[in-house]
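Two complexes, one shared chain (subunit A), two partners (subunit B, subunit C).
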Partner chain A sequence: MTRTKADQSRQNVVYVPSRNRTTFRKTLLACAILSTGLLAAVVLTSLVGSERLPAGASLCALLSFGRAQCALTTDQFDILFQIRLPRILLAAAVGGSLATAGASYQALLRNPLAEPYLLGISNGAAVGTMVALVFFGANEWSRPLLAFVGALLATLAVYRLARGRAGATPERLVLAGVIVTTFLSSVIVFVTTLMDATRIRSFTFWLLGDLSGTSKNLLPVAIVIAVAGAIVLAANARSLNLLMLGERDAFDLGVEVGRVRIIVFLVASLLVGSSVAASGSVGYVGLVVPHLARLSLGSDNRITIPAAAFGGALFVIVADTVARTVIAPRELPVGAITALIGAPLFIYLLKRT
Partner chain B sequence: MLEAHDLTIRYGQRTAVANVSLTLRPGEISAIIGPNGAGKSTFLQSLNGQIKPASGSVLLDGRSLEKFNRRTIGRRIAVVAQEAELRFPITVLEFVLGGRFAWAANASWGWETAHDIEVADEVLRDTELAYLSGRLMNELSGGERQRAVLARALATEAAVLLLDEPTANLDLSHQSTLLALVRKRCEQSHVAALVVTHDINLAAQFADNVLLMKDGKTISIGKPQEVLTPNLLRIVFDVTVLVDAHPITGVPRITPVHDAHRLSQ
Partner chain C sequence: MTLCSLLNTRAKVFRPPGFRSSCPADAPNFLCRRMGGQRDSLLSLHLTLKRNRPLGLFGTLVLILGFHLGCAHNKSQTETSKQIREITDDAGRRVVVPLRIDRVISLAPNLTEIVYAVGAGNRLVGDTSYCDFPEAAKTVERVGDTLHPSLERIIALRPQLVLVSTASQLEVFTHQLEHQDIAVFVTDPHDLEGVFRSINQLGAILGQDDQAKQLIEQLRTRAAAVEAAVMHTQPIRVFYQLSAEPLYTAGHDAFVTDLIRRAGAISVTADVPGAWPKYSAESALAARPEAIVLPTGGSMGDGNSTVAESLQRSPAVVQGKVYKINDDHLVRPGPRAVDGLEEMARALHPDVFKR
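== the complex of A and B ==
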């Protein structure tokens, strides 16, 4: 018996979403809850770490935004505000950036499996960062800039490779991602051999996702890009809703397809580039978080993108807290934790598609 | 009103449509009939700007289509095409509300207004999908989904409807109800409709104007009685047909004649 298109589509349902229409009120409520959770996570995880800090005094200092030292010693205060908090904020920026970028790629490429890491876009950004380190080492702004360029080129490569008449089918997209990822991985290996032994070790660690080493200047940049990028992508959410149904449908219904595509590619590449430049390749965030957002809130991008932003921030904060405490005083790369959670989920999604 | 003047569309070296003209008038249904590869769908896609013609012009209410921006075109022209594969879950109501995008006050953010919901509810009633509005599109049958696509096009309140093989997946009862609905919309709201279809009899029944195409060229254009003749249909389809008047409706009724019952030429 031949399967009709209707039968085939019935098999492609990956999520069980809520049945109600997404409204402004619902979105506002979801954002309020998630942002509160994020704030709580920032505060609570800053109390956790290899150095024990007194909870009450730390809370007091945090609530005063660092103006009062409360009962903390100078060393403790420095650990809290110079080491932990910046790292947690970076984790939030990286997580939010990667999750919103992932959600947008999925909408644009019409594929729930599209994800910056799996598509090789993170690798593109990593190559860009490496080129910056090797050739422009002194200038630290060269890293996010070249990471952005690397991410953009990788995005274009995947898009061109995966594009068929029906948009990027799961198979074509995964294939395109594999091609781009493996090619860029070999480039990374090649460039690594140009480094000396001591740098290789720390670089490899960084490549797996390392939130510990960011400079003072890059953190505000990462946060600004994360917030601005999320806002721009959310502003295109309604167009993305229609693009998710098909480029032809979206065009017929009045979406400026070309313009939205360019905006999403540029902004998503910027988000991935700034995240990778700051902290290496943290994988699977753009897969796990949007998936969970859609599962609980529906596939309307007007709610999914903001939810992914907050959820991604939460996810990486928690993952990084695990990474830096589970074998304290040593650390695991945060990418290892996100992969441990994300890879099984990816397999599960692939089986259901 | 939508007019196509002398449209020629090329894919590389191949000419898909050659010098075809057609005028879609408010209140009328036009049909394009032709074999596979005749250029019917290509022609339809050039009418809302999806495909750019190599030469010729498309005029919307007297002005060249190129002068309009996408959103304005989205409000004036709606397309009912074969639905692409849905990979994200979406309810029927959300799907149909997509038709209100072109009316959004804001370019791409913004939420549906109460009026948008009213329009969507009304078209869902008209297409007999109201009871399915909360269901996922993926749970519907092929025919129900096609009706949802029509509902979405009707929700745009466009003055021109372009339908590309709208009855392809529909059972017999829904084929006529869908086109009857299009006819009602045309008459009540002065909408101009164009239907590309393989079903000659359906076209004969519902169309005011028929364009016969073959190999990208216009073979004939006019009323169904004038165009759907055995001679012209043999030229276009390479098949012998018998054309008589439908005993009840009086419209041309086309029956293909196969080898065993060949009529004398």
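== the complex of A and C ==
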């Protein structure tokens, strides 16, 4: 089965040096369109929420970057800039991180189902976040830090488990990921059961993915990591393209396979760790968005990875807007919405191809 | 022994005390071996019949159905002779309990408090790890916590009645207990009146009517005193923060919403559907609460002692009107809810209670 997939990707990958300029232009165009869409989404979703704000005045305040209060009352201004906008930006950072990580896993493992969740990295980060909440509840820095540690440890565990006598084959990696995921899931259930009742509830929401209860201190960290991570992964896109031909072929073509793999695992687990620390495990983003990008723009990672970064941000912003408005003033966890949108979309995409 | 008596006396036959003792003398030996003392009687009947004659499952079912119909008359006779009464609980279920109850298990801390308050604490044979009031409740055998009680331990304690609070949502669990012929009584108070009703019902079930009525009378007097004191004050707009991250509050169905109203205040989330909704931070800020109540510092620890980041600019925080109230008094719909009412009223209207 894997062999046929590898053959398929061999057909799909078009890596011809002479067409470099075309690819570059195509990437730029896709990024320009998607970033414009992302900006528009940020502005438009800032205008909707459980509280109705005057649209004109809100636009005016947004376009002045919060320097002018326009016709908004202080409360409305606070709602827009202290609550709504930070949450939308966090949604963008989380979506971008998860989709970029998913896209690079899929390329590296030559497996269309590879995702932060499948490899147990999300669960590792979730366990790290839980440990932080249990032992250093009040300290906000401990959460992303321990989520990174958890994600890195999970990645390391998967990597070690996958390295058999014949080297780390993609199949072994995915299997190892499944084992690590289930093991960490039971750790999560165990910790949840041991915790006192007031926290159990917030934990279940935490694990479904929820953007509401996040300290603003985490926002700059999440954005910086999302942007930096996407750039590093996009810079490795050429190697990832060659890796899609198979590890031996890539090695023969001059790719330092081991180094690329470690870079991807480190950066992707940083991306996943920071997003899980901020919002819990938001599902389906790492699966749906890269596939959508690949189906519409082709499977060249130099385009797919930046497109997934923007597309993931867009996807989670829209999903979270639905989550916070559909039963307002109550709220849903965003993870429920991404799964609701993501699963049928994914089935449709599978049927179409 | 006839098949009818086998059906009706299955509790006696197949559930020996503690499951450890050997089979009762009147039970057939092969049944005991097969059942380990606790298998359901219909299955056992099937096995009995199957062993004796090869009827097949369908034949057995027809036989059992016939016997059940035939035994129905007998059964109602035994019930009256055993002095059983029927009570309707808050979930609208009809619960059949014996007239005299000596063994009760409580699966929620508020119900444990009520059982002790009506003077039936000595008949409590099991409670949960959350049951920490009064002090004596801590020494009662624990059957797990409110969310994950151990079915085995409950059955081993041979209760005549298990008390459940709907807050713990144990529907499947309730069915399992009923299947074991253990009566389950569900309480579901949505306001202080509902708490009084729970006290009244438990008092009646446990044969402590007088003490329950006395207790309700005292609690009513104290609640009425608070309400009279705050009657002419301007109601304060309160936001009740159950947890900050994510933001949870008390909705329409929570009994604390009623307590807030009685304490001379209005919960800004009083009309939100549900008991404990996850709430939008912007709606909470836009409601401009004049005071914020933080249930904290009780048995759940002081985890909820800071106001959510999104509410830091609300009038309540700006004016320093953030009140920490013992969560045991606000979250548990039991007798101490009136303590919570008094504490909240004193915090919200200090000028009224100074005099």
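Convention: the second predicted complex is superposed on the first by the 295 of 353 C-alpha atoms of A that agree within 3 Å, B and C clash if a C-alpha of one lies under 4 Å from a C-alpha of the other, contacts with A are read in each partner's own complex, and residues count from 1 in each chain.
Just so we're on the same page, a residue touches a chain if its C-beta (ideal position, glycine included) is under 8 Å from a C-beta of that chain, and two chains touch if they have at least 3 such contacts.
These numbers come from a predicted model, not from an experiment.
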Partner chain(s) touched by A:244 [first = subunit B, second = subunit C, both, neither]: first
Touched partner set for A:78, first subunit B, second subunit C, both or neither: second
Partner chain in contact with A:56 - subunit B first, subunit C second, else both or neither: neither
Which superposed partner A:329 touches (first subunit B, second subunit C, both, neither): second
Subunit B versus subunit C as contact partner of A:216, first or second or both or neither: second
Subunit B versus subunit C as contact partner of A:66, first or second or both or neither: neither
Superposition-derived comparison: subunit B or subunit C, residues of subunit A touched: B
Set intersection of subunit A contacts, subunit C complex versus subunit B complex: none
Subunit C-touching residues of subunit A, taken from the complex the two chains share: 49-51, 75-76, 78-79, 82-84, 137, 193, 196-202, 205, 210, 212-216, 324, 328-333
Residues of subunit A touching subunit B in the complex: 4-6, 8-10, 12-17, 19, 21-24, 110-112, 166-167, 234-239, 241-242, 244-246, 248-249, 251-256, 260, 294, 298-300, 302
Residue ranges of subunit C touching subunit A (in the complex, touch as defined): 130, 145-148, 243-248, 269, 272-274, 277-283, 285-286, 288, 300-301, 303-304, 308-310, 313, 327
Subunit A partner contacts - residues on subunit B that touch it in the complex: 48, 50, 69-75, 77-79, 81, 83-91, 93-95, 97-99, 101-102, 104, 108-112, 134, 136, 138-142, 145, 152, 156, 169
